[in-house]
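Okay, structure first, notes after.
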Amino acid sequence: MLGLNNKDTLLLIIVAAITLLAPFILNPFPTQSAMAQFNAGYPDLMQRFVIFGIFAIGFNILFGLTGYLSFGHAAFLGVGSYSAVWMFKLLSMNVIPAILLAMLISGLFAVLIGFVSLRRSGIYFSILTLAFAQMSFNLAYSVLTPITNGETGLQLTLNDPRILGQVTTAEGSIPVTSLFGLEMRSTYEMIFGPWSFQFNAGYYLCAIIMLLSFYIAIRIFRSPFGMMLRAIKSNQTRMSYTGLNPRPYTLAAFVISGMYAGLAGGLMASMDPLAGAERMQWTASGEVVLMTILGGAGTLIGPILGAGFIKYFENIFSKINDNILHSWFAFMPDGFENALVAIVHPFVGKGWHLTLGILFMLVVVFLPGGLVEAGQRVAKLFRRRKSEKTSDESAQSKPAE
Amino acid sequence: MTRTNFTRRGVLRTGAVAGAGVALPTIFTASSAAAYTNEPTGGTVTLGFNVPQTGPYADEGADELRAYELAVEHLNGGGDGGLLNTFSSKALKGNGILGKKIEYVTGDTQTKSDAARASARSMIEKDGAIMITGGSSSGVAVAVQDLCQSAGVIFMAGLTHSNDTTGKDKKANGFRHFFNAYMSGAALAPVLAAQYGTDRKAYHLTADYTWGWTQEESIVAATEALGWETVNTVLTPLAATDFSSYIAPVLNSGADVLVLNHYGGNMVNSLTNAVQFGLREKIINNKNFEIVVPLYSRLMARGAGENVKGILGSTNWHWSLQDEASKAFVKSFGTKYGFPPSQAAQTCYAQTLLYADACERAGTFNPCGIAEALEGFEFDGLGNGPTLYRAEDHQCFKDVLVVRGKENPTSEFDVLEVVEVTPRAQVEYAHDHPMFAGGNLGSCNPGA
Amino acid sequence: MDAIILQILNGLDKGSAYALIALGLTLIFGTLGVVNFAHGALFMIGAFCAVTLSRILTLSFETVDPTQTDFLGQPLKVKTTYIEAWFGPEFGGAMIDWAVPLAILFAIPIMIAVGFIMERGLIKHFYKRPHADQILVTFGLAIVLQEIIKAFYGANPIPTPAPAAFKGSFDFGVLLGFEANAIIYPYWRLVYFAFAAIIIGGVFAFLQFTTFGMVVRAGMADRETVGILGINIDKRFTIMFGLAAAVAGLAGVMYAPINSPNYHMGMDFLVLSFVVVVVGGMGSLPGAVAAGFLLGILESFASMNQVKSIFPGIDQIIIYLVAIIILLTRPRGLLGRKGVMED
Amino acid sequence: MGILEVKNVNKRFGGLQALGDVNLSIRENSCHAIIGPNGAGKSTLLNCLVGKLIPDTGSVLFDGQSVLGRTPYEINQMGISRVFQTPEIFGDLSVLENMMIPIFASRDGSFRMHAIENMHNEKAVVERAKQVLDEMNMLDKQHMHAASMSRGDKRRLEIGMCLSQNPRLLLLDEPTAGMARADTNNTIDLLKQIKDERDITIAIIEHDMHVVFSLAERITVLAQGTPLVEDDPENIKGHPKVREAYLGEAA
């Protein structure tokens, strides 16, 4: 289907189903229950899941396929966000031109940085991309404030021209981002018994774009071009002695993944029209590297899992405070309750970094292939139980998902 | 885990049935039954405390959070009642707000605009927070204020000192109790002139971002008005940790005062470096060389250790103040936590009380009603003397403290001493003052 | 002229810190082939060794002074340190005053132990793993170490002053015939520079003149051959890691008085020190040192007002700009060898 | 006029004269071996032919066109394929994929942005790859991870990859170095078969005299960067200069 083989089609369908049903899946706990803290089915986080999913999918096209580890990819995300916000300021609040411009500008930026950085490989390449991104961040924070609004981040004001849209709403506020009139923030809330599920227009726009990006990524992975990229990772010498020029291939991959990052940046600005300089900092670039490795570099689904994993921790664990801990353990005797709270306390709330760091180490030590490997192991366990006769197939190496 | 899975499957099934019936969905935000965003329906009301919990300002954030928890306790009728007893408005009864018990959620701003907004959005969308407060930098304050404006909730700013928060970036749904760079300049300049004379040459080192610039502008204007000369102003990168290359040329520039427009880690490092270079032992132009730190934070000043001794600066509030309200606050806070509160804690506590009081007086949680109640509100008894929430820009006007690093501290908290309480009249300015121009308050947004 | 000398001095000092951190990073790269993102954390732990020692030395007991009151209006508890009580205010006070230099002795065993534990417990399982995995695991470790420090010491910087004898600054200008105050330089920074020079010299001498060092250098040049020779490389790798950790830690100890240590100071230095290492050339120790000083001096020059007035914001980007230029003109950095970390 | 003409090629590395006035002509459809003791400059010469090194002076003409200043991939596109001393294959890819890449390269040139194209629509390439694998007797291994194969199979795959491009000149750099006797013999048989069945010129650098004399129709002996003799194998065997410079030393 859609030019994919059965396995990829199945994967795409599963991802599509999960994404489209995310408002249910991410809100498994009734709103008033103590476990509701773990619900992630609210618009902001759901949007973040898929937007960072797009970012990581794109990063994986470069890193997973060619092995070039860019440490400056956040710069493209930032550039995309700035372009999109400028579009909202100058043109209109429609997200389509903003997203298109974000992809265009970040693509151009990627051509420029990629052309220079790809003259080197290995860690030299990583440091070149890091240097470009850090320069962009430092300048955006200071000298380029007229374009980027520095520390605060570029935001909309009541004085923006918006030549094709309204400058202010009838009530005198800044208009909100929309897709031909469909406001990105509009949300349907469905109450079902003790549960409530939120269906947000912005989320579904992001989700559809993410599925499209994912589909394109699958096609790239399975295309001759994708094979060439994997060949570059495997053996550049053989590549050039086979009559292939690695440079345009890597540059193309770099620009594609830069545009994915720009798309993610544009969507981020469309969901929340403020572009902060921090999203270009090296820690942000490092985050997408971590997402990809954590999920499983070079696999199709891995980066999305990694993105979800990290964003979940950042947004859910950081919000757990002692009050909530006490409410969880309230059923226990006081002494126990306090002891448990004291044990859990360092790992949640302001300690969410600690939990994340420990999990990084655990995953990489015990699951060298990232979260995807965990899935594969579980699947293998089931398969082995089901039948013993698959020895022929499992001996064959197959590219991981 | 298995149980969770069963539940989830159950949800999926029932959800599908409900979806097929197209019966239940209701719309909210754009046009809904609720009169405003997150209108509290049950017996509780949720406030969102959005403070830095990770990153360099984590300690400041922790202190803010302590203050919020204390405020909630007092508002819900617990503890010793704190400033409810001294507050000039007597609308609060210690039974929550409008009879609803206060609950709160917390989040981590990471001192990043993006993360702060994400955290605030999750409080509004997931937890149903009706008010967001907190923060420890102007960038975050402006970014979150903007978010609250568009989401239709009230934002009570925490620690934010930039002129822009209630200047060019002011918003109808945002309110600031903390003082600002202009006030620092206006309060500090006369003291500087009195202590160091009017014939001084100043050299500014300024953190190269929005807050730094507004502070430099304010201090330069205020000191030059009193006869000082500004020899040079140099921008330093925010990421700088070693300021030696910026400080070394100061002595040779003919300046005899160094003004450090830095905050937090930058301030600690630049001040430490400056003292290391021995600037304070030098005699330039036949005068003792002096260093000024216009915005002091006691928590951060501790990081500079002995280097702060004798150095002048300004602050919003200090625990050694002897008015009844300050004493009451220090007592409540100190009894609960074992150490005195910081200025960040005080402003956050005050903001929470002010918000609750405005709800009571307005008789509603509707942001527009609250804004109306806060605009032009005159109050006293929160530790800063008689205070006005100005309607035009939602900035509080109150006395500003000029402080000095204490020479003989008696404890690790005893870092600063109050030199002068600059009266409110001296730091007031017109709301369309050029340093604050270019913004537009807009109209209040209830979000519905 | 005086301004240039001044900035060279400043640059040497910044460069010392960069060079020391980069030296340890390169030792680990070169010998173990591991990308150690936790190296900045080692620097930070070093600085906190100084903090810890000064905390230990100032452990104190409380006596109530009825004449004074604390912030709650209760009688003030006055703290007296045990050290001063035991050894008398003079000697005890001197020990507290000299906490940072003393912390060198305190830090060496701690840092070596930390290095050993890190290498044996974690890093050694990653020699054969892809660099990406090494980055992830050491980054995770760095976060964990940071958070542990934060849990004990909080997020705010902690003042850790140098001994009183090193307070103030030395006037070089007068020495060179300039007017007073033209070129001043804090004593402690002179100490730091000299200290860095000694450590760098010591590491080089160790590698140059000891059998152990020779094996390690051979290992850096060609790991396989050394392995074939039947030399127990594993043990030496562990020792190398301990040494690198000690170098980073000592750099941190002595840096504590320059900038008050805080839990994330390692991350602040991490990116810069990676740039330094790469600009110097992967696996080249002299390259790392040279690049450290070069970038330190250029950074200082870029912060001069004269330079900034021509290129606004140049001090924000100078290091990265120089890194790009060097990497584009010299493919393997200043002194890098072929084939190291290029895959 | 041979298909490859090397004229007066010199190459110095610092003080070392790696190649001195090398003249070499390789006839079309012949098998030409270049032998010589270690450090004779064989590999340097080879690198000058494929664009890895640029000679200081002299010219290298392939089919009348200069290859100097061209990159390895351009030279490959002209019709020269190279087999390395240690097999250079795409270890992370499957055997079939390894074989498809050179076929794509021959069809599409040095770069083509076929990112959205579907592998299913590349039947011709897949078929051709399978055909070559079949010729190499490797069709049963097509789904294997290339890196997990034996060294002999890797060599076989590499040669197959080069042949799939129908090169006019195949350069072999010590194709049997480090191989077991059986693998060596297999490789010799394979190369013999190629030589017999195809219109192809083969240039081989080799240490192993067994291999050289099994395959070569013409031999050039290189010593200290200069061609010593060029002659037919029978004459080389007994040539006194060669004995002195090479065989004598080796024996």
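Labels A, B, C and D are assigned to the chains in the order they are written; within every chain, residues are numbered from 1.
Note that a contact is a pair of C-beta atoms (placed from the backbone, for glycine too) under 8 Å apart; a residue touches a chain by one contact, two chains touch by 3 or more.
Here the structure is a predicted model, which means the values were calculated and not measured.
**Q** Between subunit B and subunit D, how many steps is the shortest route if every step has to go to a touching chain?
**A** Each step joins two touching chains, and the minimum needed here is 2.
**Q** With respect to inter-chain C-beta contacts, which pair, A-B or A-C, contains the greater number?
**A** A-B is joined by more C-beta pairs in contact.
**Q** Just to be sure I understand: the centre of a chain is the mean of its C-alpha atoms, right? Then which chain's centre is nearest the mean of all of them?
**A** The most central chain here turns out to be A.
**Q** Quick one: report the Å distance separating subunit C from subunit D, using the average Cα coordinate of each chain.
**A** 52
**Q** Based only on mean CA positions, could you tell me how far subunit A sits from subunit B in angstrom?
**A** It comes to 32 Å between the two C-alpha centres.
**Q** Roughly how many whole angstrom separate the Cα centroids of subunit A and subunit C?
**A** 34
**Q** Would you kindly tell me how far, in whole Å, the mean C-alpha position of subunit D lies from that of subunit A?
**A** Those two chain centres are 46 Å apart.
**Q** Where in subunit B do residues touch two or more other chains at once?
**A** 58, 62, 208, 235, 237, 239
**Q** Mark out which residues of subunit D touch at least two other chains, giving numbers and ranges.
**A** Counting only residues that touch two or more other chains, subunit D contributes none.
**Q** At least two other chains touched by the same residue of subunit C: list those residues.
**A** 313, 316
**Q** Using the definition of touching given at the top, classify the network of chains in this structure as line, ring, star, complete or other.
**A** Chain contacts: none of line, ring, star or complete; other.
**Q** Please give all chain pairs that are in touch with each other.
**A** A-B, A-C, A-D, B-C
**Q** Could you pull out which subunit B residues touch subunit C in their complex?
**A** 55-60, 62, 208, 232, 234-237, 239-242, 244-246, 248-249, 251-252, 265, 268-269, 272-273, 276-278, 281-282, 284, 299-300, 302-307, 319-320, 330-331, 334-335, 339-340, 410-411, 413-414
**Q** Spell out the residues on subunit C that touch subunit B in their complex, using ranges where they run on.
**A** Answer in residue numbers: 2-3, 6-7, 9-11, 13-14, 17, 68, 70-73, 76, 150, 154-161, 167-169, 181-186, 188-189, 257-260, 262, 264-265, 268-269, 299-300, 303-305, 308, 313, 315-316.
**Q** Sort out for me which residues of subunit A touch subunit B in the complex.
**A** 21, 24-25, 27-29, 39, 42-45, 48, 138, 141-143, 145, 149-153, 155-159, 168, 171-174, 176, 183, 185-193, 195, 197-199, 272, 274, 276-279, 314-315, 318-319, 321, 323, 349-350, 352-353
**Q** Once bound in the complex, which stretches of subunit A touch subunit C?
**A** On the subunit A side, the touching residues are 63, 67, 69, 116, 119-124, 127-128, 130-132, 134-135, 138-139, 141-143, 282-283, 286, 289-290, 293-294, 297, 346, 351, 353-354, 356-361, 363-365, 368.
**Q** What part of subunit B is in contact with subunit A in the complex they form?
**A** 4, 7-8, 11-12, 14-15, 18-19, 24-30, 53-54, 58, 61-62, 65, 104-108, 112-115, 117-119, 121-123, 125-126, 137-139, 142-143, 146-147, 149-150, 164, 169, 208-211, 235, 237-239, 438-440, 442-443, 445
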